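Two complexes come next, and they have one chain in common, chain A, joined by chain B in the first and chain C in the second.
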Partner chain A sequence: MTHNDSASTSQVTTTVVDEPIRPPENRQTQRTLVRSLTLHTILAGLGILFLAPMLWLFLASIDSHASWGIEWPHFSLINFRHVLTGSLLHSLWNSVVLAFISTTIASVAGVFAAYALSRRRIPFKGPLILFIIFSSGVPLAIMVIPVYEIFSRFGFLSILPTAVFLSVTSLPFEVYLMKNFIDAVPTDLEEAARMERASTLQVLRRVVIPLALPGIAAAAIFGFVNAWGSFVVPLILISPANQQPAPIAIYTFLTLPKAQFGNIAAYSLIFCVPVFILYAVSSRLFREGFVLGGGVKG
Partner chain B sequence: MVSTAVVDTVTGPPLQELWKTRHDKTRYQWSSLGLLTPTFALLIFLFLVPMGFAIYLGLTNLTLIGPTAVHSSFTGTANLIRLKGDTTFWSSLWVTGIFIVGSIVGVVVLGYTLASLLMRATPWMRVVVGGIVVISWMMPAVTAGMTWYASTTGNGTFGTLFGHPNANLLDAQPLLVVTLASIWSMTGFSMLVMGAALRNIPSEAIEAAIVENASTWQRFRMIVLPLLRPTMTAIVLLTGLLALANFALIYIMTQGGPGNSTNILPLYSYQQAFTFNNLAYGALIGNVMVLIATVFGVFYVRITTRRI
Partner chain C sequence: MNEIRFDHVWKLFEGNAVVSDLNLEIPCGEFLVLVGPSGCGKTTSLRMLAGLERPSHGRIWIGDKDVTDVPTGQRDFSMVFQSYALYPNMTVYKNLAFGPKVRKEPRDTLRQRILDVADLLEIRHLLDRAPAALSGGQRQRVALGRALIREPEVFLMDEPLSNLDAALRVQMRAELIRLHQRLEDTTTVYVTHDQVEALTMGDRVAVLKDGVLLQVDSANDLYENPGSVFVGEFIGSPKMNIVPGTLHVSDGSIVIECLGVRTDVTFELAGRLGPSATNGPVLIGIRPHDLHLAGETATDGPKVKVVVDICEHTGTEIFATVDLDGQRLIARLPRSPVPLAGQSLELTFNKDRLHLFDVESRLSLMVRQPEREHVTVTTESSSEQPTL
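Here is the complex of A and B:
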């Protein structure tokens, strides 16, 4: 290579017309080509490694003879039909109820607090905000044992109180996220509404919430995903079997002596779908700039 | 609409009263209290009260069943002495440390590598590889644990991929496998955040370094790393906190076993409280977790507020 190059450069000095100034440019493109090829090979390798663990989930769900092992499936959609019945379907419904209630509580309480922390003069505001940031980072699900003891004394070991506790585990991060979005809303419109003697609730409903909607939606989605995927909290805090959400159903599935692997995979895949859809929605909301904070998965 | 506004202006407080208000003192609006009450009531009753209660609970002889389930009493330092001599606890603390540090290193290194490579990749590659990594992050912990169990047990995907289909990787290297699963489930977040931070680095800085003939390593050390440091620190702390509480993933994959090789603190705490019925002792182990989480949390608050 170098030999050829030196030869060509010596030629350039002698016969300028025959050899244009091409060779160095070629080398440049060649080098970027090699670099880009390595880059894409590494990326493809990483992509395969990240995809590999998921492979079983997809293949087993459409395999009527699935096992723990990886194998070419006997194509069939029977697993999906099996799991969308009876108590399994009911568990999915419980997950919907649990996630909806906890999201509603956290988002409604959170938007009020976020507005007050963003706009109002409040005594000890600094420490309050620090407390919110602190509890947004710390996974509050580790409080589950004392909460269990409190709930069992009051007879609260059921789905509704659990939804309230789950709302608390996502509340601090939701407040922090919504506060950042409300901070970015200009105050002019709010002042105009105040001039018209609009009440605080009217200002919130007519001005602040519509303008900060992307942030509020993103916060609500975070709360929903957090409650939807939560495992240890319902495992400990919900005692009636018919109130258990889908993650507990999946776990129970695994502990059965004769596990139906295809059904487990199909059910888990269905369980993942809402999370993926909500992520697709929220990534659009987040495109303006990802806000860093506690992504607590329980 | 307009007419009510006019009426409101007429029936509002008389002008003299408005003049009387003093502007040299901070005034607080009572409605702020109403706005803050729901959030802080929830946080007080379901976070601070349980936290305080757990401190008391850890020093009692409360059990899940039996006579002490109803009439428990304060036993002082008895549980602390037990904790000090509990070899399972110390090994669990060690395992937790390895799990957390392994997760942090993997998540930061892989997150940075993916983010910086994807920036220079073709759009098609960016969508596919980025999508796979993000999906693995979004997957609920129960599902992630299950599919990782299937992939690393006998005849699993990884064994087959590396040419030893019958190898049971999970049994052979349990802690390594659950740490890898934990890294896998958190890298997407780190990649997205790191990618956003990388895009915010002014291209002039990099171009200037290229003009100065700085090597790739020099550009990384002198420009990218210092500008990325706050983001990386935040990712380190959050990954640590999430790994500390990553109950579901390990519970599904190994239940803390084989032996106690993957028994991280949240699992051991759960095991003591609900399998061995020592609710009070489980709460005490939970308090150790709260202590660790508080240290991480305080640093997290500092790094977050410094950037504002």
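Here is the complex of A and C:
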């Protein structure tokens, strides 16, 4: 089509000099319009299906008489006041502890592992990386029972060992993600730093980590969300009731004789806040993107 | 500072020799250029010297100290990378300050040192900028400044000009030479694939091919006395014509047969023939500058008839690819009258300036010629020597 367009345009310019040059009419405009309308209607329908639960969550959270249906709320903040007390508040704090420890361990260990895998000569490196990718796909459900056996034997059924376990479960994917970002940092930069007598730690801290930061942040966010939203693992591995994180608390709402929809909605919304904040902050980081420009050429 | 010495250095990658038995001495203060086509091992040699690669065999010495296993940072070398390797997350100032900071050098004088180097390279106004905001030439200067701030005893440069455009390259070339002259005791080892760069910059030039060091000489000697067909063809632009010929040596007379003509050898050339030059087939090298229109100079050699194929204008003269019974040759022709494709011409070559090579080993059959008078050389290589 493009070819025809240019052909006819050039014809106009050569034969009829007086008339202004116009692009050829697009006969397909109408058909395109119909197609686009149909497509958008379908997409909008799908969008509503996805948005409805979220709308319910929001409306129910500020409704003092919330039910399972979407309805105009009796506006009140009573639900929030209810859930931000006592053990529910403590569960939120447990989630923060769990996610924070898990993220820190996984990110620090991940950076070192990813750097070594990216740069060092390691025997059987290819199979090792394949194993890491493979293990990032192993379902947690397979591991959680044997781990429960081990944990119960060693008396580990509490929040701290569980945080370590959660960091381990997110580690393979984090290592793989960070490795790809570190791969993209030119080795010239590292060699230049090494020639300046920088130690490996200095190379990491001053050159590699700043340049791979978007990747490291992405991996850390993945780790945080993984631990924050984790349900099965804390349910099985944390036995003290006062160490249970927020997802377990939400679950206990549902086991109550009379479902408190308003409280569930309010608590769930609060539970989402850290993740929203994290994505908002990180999106700025990602927009800035790689700062590799100008460092090396060729 | 002492001289650098490669002592039977080998580098093998997965069993393939990238550098084979490299023996090379670089005296203190010299500007040595390693030149060769890509894959010849020049960068690997430089990286071994820098300590970024470890030789598979052999030792590298600085004076009487074996540095083969000394970590790269301890060698007191500065390197300018082909890619510049500026830290993109730091400003120019921080790039320059990086080395002194990690080496924990005194901070009180650091600022002044950076300003001095920035002034020397005229980048003072760029100190607050990020590398991404700089042009190629400016980045090149910053990379150079980062190397200079260390006040190293040895400068290593890995094709530092290859990412610049032609005009800037000529300008930076001159600046690098000036810089080297200013830093008297600093040894520079410079890697390039560009023979013009090698000839114009190096005190001595080392030609490598397939990991083997073929010849180390001054630019002039390399051009006048190529030790092999490869060096003859690689050094000098356009490249040397290599034609098959025959050498007839009998009592009192030496005759060369090539390009379809027989000619007796001049007294000067005969004096330069080595002992291995005996009867039989040889390869004869004729520089395009020595193959020109008949009647141009008084000392005309034998005449050969050729047909012009393609002409390349270089500004001062024309280099034409000509055809002699199916043999392609490059000849220097005057700008006027402009030679036309298909035109028949009568050319002649300078009998004094033939280079003879062995057919089998492709090594030179000549003995090294002592320094020639400078006059000949300047006319020969005038087109490659840019005005600096």
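Keep this in mind: the second predicted complex is superposed on the first by the 245 of 298 C-alpha atoms of A that agree within 3 Å, B and C clash if a C-alpha of one lies under 4 Å from a C-alpha of the other, contacts with A are read in each partner's own complex, and residues count from 1 in each chain.
Quick note on the criterion: a residue touches a chain if its C-beta (ideal position, glycine included) is under 8 Å from a C-beta of that chain, and two chains touch if they have at least 3 such contacts.
Note that the structure is predicted; figures quoted are calculated from it, not measured.
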Considering only touches as defined above, state whether A:133 meets chain B (first), chain C (second), both or neither. first
Quick check on the superposed pair: does A:55 touch chain B, chain C, both, or neither? Answer first, second, both or neither. first
If you stack the two complexes on chain A, which partner ends up touching A:210: first (chain B), second (chain C), both, or neither? second
In the overlay, answer first, second, both or neither for which of chain B and chain C A:108 touches. first
Could you tell me if A:182 is touching chain B, chain C, both of them or neither one (first, second, both, neither)? neither
Comparing chain B and chain C in the superposed model, the one touching more of chain A is B
For A:122, using the defined touch cut-off, is the partner it touches chain B, chain C, both, or neither? Pick first, second, both or neither. first
By the touch definition at the top of the document, which applies to A:197: first (chain B), second (chain C), both, or neither? both
For chain A, what residues appear in both contact lists, the one with chain B and the one with chain C? 196-197, 292-298
Chain C partner, complex, touching residues on chain A are 186, 188-189, 191-199, 202, 206-207, 210-211, 291-298
Seen from chain B, its contact residues with chain A in the complex are 5, 8-9, 12, 26-29, 31-32, 34-36, 38-40, 42-43, 46-47, 49-51, 53-54, 57, 62, 110, 113-114, 117-118, 120-122, 125, 128-129, 132-136, 138-144, 146-151, 153-158, 160-161, 165, 181, 184-185, 187, 189, 192-193, 196, 231, 234, 237-238, 241-242, 244-245, 247-248, 251-252, 266, 269-270, 273-274, 279, 282-283, 286, 289-290, 293-294, 296-298, 300-301, 304-305
For a test of understanding, state which residues of chain A touch chain B in their complex under the given definition. 36, 39-40, 42-44, 46-47, 50-57, 60, 67-71, 105, 108-110, 112-113, 115-117, 120-123, 128, 130-131, 133-135, 137-150, 164-165, 167-168, 171-172, 175, 196-197, 200, 225, 228-229, 231-232, 236, 247, 250-251, 254, 261, 264-265, 268-269, 271-272, 275-276, 279, 289-290, 292-298
Parts of chain C lying in touch with chain A, wherever the complex brings them together: 50-52, 72-74, 77-79, 81-89, 98-99, 102-103, 130-134, 136, 139, 146, 150, 162-163
